[in-house]
Each structure stands twice: as structure tokens, then as C-alpha cells.
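When the chains are written out, they are named A, B, C and D in that same order, and each has its own residue count from 1.
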Amino acid sequence: MDWTWFHRFGSPPHFYRIAGTLIPWFAWLAALCGLAGLIGGLGLAPPDYQQGDGYRIIYVHVPAAVLSTMAYAAMATAAGVGLIWRMNVAHAVAASCAAIGASFTFLALVTGSLWGRPMWGTYWEWDPRLTSELVMLFLYLGYMGLRGAIDDTARADRASAVLALVGVINLPIIHYSVDWWNSLHQGHTLLKFAKPSMPPSMLVPLLLLMLGFVLYFAAIVLVRARGEVLRRERNARWIAELLGAPS
Amino acid sequence: MKVPSAAVVSPGKAGWRLVQRDLRLGFRRPGEWLQPLVFFLVVTTLFPLATSPELSRLRDMAPGALWVAALLSSLLALELLFREDGQDGTLEQLAVSGLPLPWLLLAKTCVHWLLTGLPLVLAGPLVATALGAPYASIPGVFAALLLGSSALSLIGAVGAALTLGLRRGGVLLALLVLPLAVPVLIFGARATSLAMAQDPMTAPMYLLGAIAVLSATLAPLAAAAAVRISLE
Amino acid sequence: MMQWLAMGGYWMYVWPSYLLTFLVLVLNVGFAQRSAQRARQEALRRTQSAAAQQGRS
Amino acid sequence: MKLLIGENLQLWRGELHVLRGLSLAVDAGCCLQVTGINGAGKSSLLRVLAGLLPAEEGSVSWRGIDTRGDQHAYHSELAWLGHGTALKADLSARENLRYSAGLRRELDSAQIDAALARVGFAHADQRLARQMSAGQQRRVALARVLLLDCALWLLDEPTSNLDSSGQRMFTQLLEAHLDEGGLAVVATHQPLAIDPQRLQTLELA
């Protein structure tokens, strides 16, 4: 297995350039998929026999929920790589995932409760998925709080990396324990949304939007990571060349 | 080349000596590690005052009150774990001692649990009966708290190591540890409520035991990494 | 058109969700670019001061 | 092949470039004295050598092996003394030694008392560390370094708070350590009054 691409990818100037070229691609593809998904979801997909048009909130709720978990996993992976191979670029990527991950978690929570309102009659119902999202939001806030409390970037990177790894190990346990807790007190919630059983006309827009959100996430993380890489970069030579001509 | 004349101590014995040191320190300052216990008693007495004196109404709230109070007091006790050793430089000595740091931190966490966790476990059944739990449920409540408080101390150790040396680490420590302690809270409270209803509580106890074992193996590794980072 | 906007009577929940989603997406873009921009300026300032330092010493 | 080698050590403290590609080598029987104004990076260098503070670039090797690879073997031959004396305030001198040096070496109370005598601390003194003067605490810390009996001493301003007799005592301890084939890196303000052949000096600007 030839690992040079891994180490080359880890070198800041190289990463800065690659990220620069990838961002427009991700951004445009995300916009394309998002738009197609929106048109499909809001326009073409038939109303649900049970929830009428109210179910269309899933086209934003489900991608946001998926993204919130994926962002944490991406953050933890980048943190792990940064900690093990001492790669500043990986820490830069991890730092870039936190804010957007937390915002998606918040989005998933609000859209979830908005979707729940017509179904359950209340804005907040201790639905296991929403409760897990809430706990994950606290994990994000803890991560960002720890990063904010440490001034030295190198130390903040490593300490938050340990927290991200501990968090990612706990996420499935928290998810399981919340499901377990919920199944004890009430029967399964009436909102059992089995995705696969959706007809293709409903499912395709959802998959498109999910892909759009993932590409959007990648683009935003790379934009932030380019900045974070500069903050962590010590020898000024390549920065002067690169920033001399404002890209 | 200079070679030490005295025999080198094995990690196991070094860990035991560290336990002796911390126990001796603990007995020299009993006030410090009794405070979490007092806090636990105060918080659990607030619940009846906040709701109603009738035992019947207190009973279904007792497990929740007991475990939230146990969680908060073990959180408060975490200040005692690394802060002083970090300030006076002894933690630094452990980091460069050539002894396995995770093992030493596990030893320290065990002593911390003995001094601050065990009193909660002993007081737990007492408080439970005060909140309307039948006497027969005492062993169950005791067992659940025993497993749960040890898991809390271990998970808390990681949080304490991460916030070591930070100016306002207290609130941040709570924000870091509480989400990680959610599973312990859920299974612990469930086990306690089953105990109080004299139903079989094996399911939550198994899960609680699993978390305690997982914490005992992984938390010291994470805490050691976090301590080394905090000492930078 | 109006019928579509009504979303089968659920407009009060559907449109706010989409509005919030749009808001979060736009805010993320804004904050990401601002943080990258600020980092670029800091790095540029640091390179100039470093260059000046080399010039002097 | 020198025992302790530092190569191209780079370190930044925030914006400050504290270690600029610094290299050093110390062999058995030698002492490297690190001098420099406050904030020149003496402590940072010592902490980098001890492995407490990872250098951003460069390497520290002991017996030819990079210490970041196998820290365990390196640290078991290292006696470290930082700014703090690393004594527990509520323990007496003997107890402090039994629970610090005693974690790494099998020591009986005779050895502990002998070490305390060598550093000029009345071993019968049962006072707790919190009741000792800074100078006495420093002597007990030096007794710990003696008891650890390690090949490498990394000492950060070991003579601070010591009176003139204490500084003479330290110089004798260091000389004895070097005689036994040990080596040391010492960060100090005043120059060390030991045999110049065995002394290298590194000035940090």
C-alpha cells in the first residue's frame, strides 16, 4: 500500500491547494443535488396517505440528522488521525467540523420538533431519536467549550481530539441507552418511519438531498480547514507565496 | 555508566503505594472528601421539600432524585482528583516516572472512588428509604449505586484530566462529563426503580456492569493521554 | 399555487422548517468564509512581521 | 555516540519562536548547563528533553533511540526536577520520599534518612511539607533525585531558594553524580562551580 498520498495530503501547502480546487466542485454539486431534491421533495413527491403534506419536513430533517452524526464521526476520525500521526492538517479538519456539526444537530432538533407538532400534538416529545440528537448537541457544545477554554492551539487540538474520540465511542452507547429507556416507558412511538418502505418518488428526492447535504458539508469543512491550516502553519515561506497573490 | 543500586519497583507495587499515599492524604484531610457526601444528602432532601412529604408521591420520583444527586455529587468530587497533584508537580513526576501512567491514574481513581464514591453508595439506600423505598429494596439500590458510581468516577476522571489546569474548569467539566454519563444514569435509575418495586433488575444491572467494565478499561487510557496533554 | 403553498394545512410547520434550514446553510457559509478570511489576514500579517524580523536580525 | 542527543529542536510558544533548530549532545560524566534570561526557553528546553513537552520538529534520543518511540525505557533512567518541588503539602519529608522515589525504587528508611542527611535536612524532622521553608522543600526534592539514582538528571533551576551552604551541597551532589558516570542537564542563572572539563554551557538568546 503506497502511503505517500496520505503524507502528501498531510502537508499543509499541498492540502491548501487541493482543498482550493475541490471546494467549487463540492459546492456546485451540492447545489445541484439540493435543488433537484427540493424540486422532487416539495413538488413532485405525492402527499403521504397518513400525514398529508406535513411529512415533507423529512426532506430537511432526515438529511440534517444524518449529517449531524456523520459530522461527529468525521470530526472524531480527523481527531484520531491528528492524534496518532501528529498531523496538524487533520486537527485543522477536526476543528472545522465542530461548528457545522452542531448547527446541523440543532437544525435536526428544531425540524424534528416542528414535524412532531402535527403528529404528536406537542413540540417536544421525548422521542428517542430527538433525545439522542439533544445529547449529541451537548457533546458538540462540550467539544467547542473545551476548545475555547484552551489558548494554545496545539494543546487545544490534542485535548479536544481525546474528547472527540471518547465521545464517538459513547455515541452508540448513548443512542442505545436512550432507545432502551424510551422503549421501556412507552410502546414504540407511532412515528416509526421505515425509510425503505417509501415509494421511489418520495425516496429519490430524500437521497438527493442527503447527497447534497454531504457535499455541502465537505465544501464548508474544506473552506474552514484552509483557514485553520494557516493558523497552525509555522514556516511562513509558502504562505507568503500563496497569499502574496490573493486566491 | 551509572546504574541504580536499589531494585526497581514493579508497576503493580507502585500502583499500590500510590493508593497508600492517597489514602494517607485522604485521612489527613477528611473534610475535603466528605463534602460530596453532604452535598448528596442536601440535594436529596431538597426533592421532598420541592414536591410533597407524602411517601407515595415521592416513591416514583425517588430513583431519579437519587441518581441525579449521585451524578452531581460525583461531579463535584472530581475537583479533588487531579487538581492538587497537577498544581504541586506530583502528576508531572508520575508522567516521567517510567511507570505506566494509565495504571497509576486508575489507582488514583480507585482511591478517589473509595473516598468520595463509596460514601454515596452507603448513604444511597438510606436516602432511598427516606424517599419511600421499601426496606427489602436496599440491597438492590446498593448494588446499582455500587456499579454506577464506579463508572461515574472513571468517566469523570477523563473529564477531570481534560480540564486540568484550566482557569474555569468546573462548569466545563460538568458539560463534558454529563452527556457521557447519560447511559449510567438511565440504567442506574432503571435498576433502582426495579429494585424498589422488588422486580428482577438483572437487565439494567448487566448493562450497568458492562459500562463499568468498559470505563475501567478505556477511561484510564484516555485520562493518561489527557493528562500528558494538559501537562504540556 | 396557493394550494401548494398551503401544504395541505401544514404550512405552519413545513415552511418554517425550510426557512430555518436555508438560514442555517447560509449562516454556515458566512461563518466559514469569515473564519477563513480572518485566518488568511492573520497569516499574512504574521508573514510580514516575520519577514521584517528576518530583515532586521 | 553520546548518550543524550537533541537534534534540530523547534518549538513555538504562541507567536514566540522559542527553540530555533537547537541541537545538543551530552555524554556520561558530563553536565550541560543551560543559561539565558528569563523567558529565553530554558524551562521549555528541559521539558522537551524530558518528553513532557513534544517539540514541533526535531528529536530527542537516548542511547541512540528516539525517546518518542519508547518513552518507558527513557523515563525509567531519568530523574526530573521541575520548578515545583513536587512534594505533597500534607506529608512529612520521609513520607514524601517514600511515596515519590519509593514508587520507583525499593527503599528502606535507612536509605531515605541517609539521602536526607546528604542534602542537609534533619531526617528526624517530622514537619509536614507545608510547614517547611522553600529551601528545605528544595533539599527534600534533591534528596528524591538522589534516591532515584538515575543515570540522567534533568534539573530546572535546582538551586533556587537554596542558601550558600545549600548551593555548595548541590555542587557536591552533582560532582558525585558525574563521578559515577551519570550525566545532567541543568538550567540555572548562576554558573555551576564544578570542574570545567565536565561542564558544557548552552546560552539561549
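Basically, contacts are C-beta pairs under 8 Å (C-beta built on N, C-alpha and C of every residue); 3 or more make two chains touch, one makes a residue touch a chain.
It should be emphasised that the depicted structure is a prediction, and the values quoted were computed from it without experimental measurement.
The pair with more inter-chain C-beta contacts, choosing from A-C and A-B, is A-C. Closest to the middle of the protein, by Cα centroid, lies chain B. When chain centres are set by their Cα atoms, the one at the greatest distance from chain A is D.
Taking each chain's centre as the average of its CA atoms, chain A and chain C sit 15 Å apart. Taking each chain's centre as the average of its CA atoms, chain A and chain B sit 32 Å apart.
For this pair, chain C with chain D, the centres built from the Cα atoms lie 51 Å apart.
In this assembly, the C-alpha centroid of chain B lies 35 Å from the C-alpha centroid of chain D.
Residues of chain C in contact with two or more other chains: 46. Among all residues of chain A, those that touch two or more other chains are 152, 154. Counting only residues that touch two or more partner chains, chain B has 232. All chain pairs that touch, listed by label, are A-B, A-C, A-D, B-D. On chain A, the positions that touch chain D within their shared complex are 86, 151-152, 154, 234. Of all the residues in chain D, the ones that touch chain A in their complex are 10, 12, 14, 54, 56.
On the chain B side of its complex with chain A, the touching residues are 158, 162-163, 166-169, 172, 175-176, 178-180, 182-183, 186-187, 190, 207, 211, 214, 218, 222, 225-226, 229-230, 232. Against chain B, in their complex, chain A makes its touches with residues 83, 135-136, 138-139, 141-142, 145-146, 149-150, 152, 154-155, 158-159, 162-163, 165-167, 169-170, 173-174, 176-178, 180-181, 184. By the touch criterion given at the top, residues 1-9, 14, 17-18, 20-21, 24-25, 28-29, 87-90, 92-100, 228, 231-232 of chain B touch chain D in their complex.
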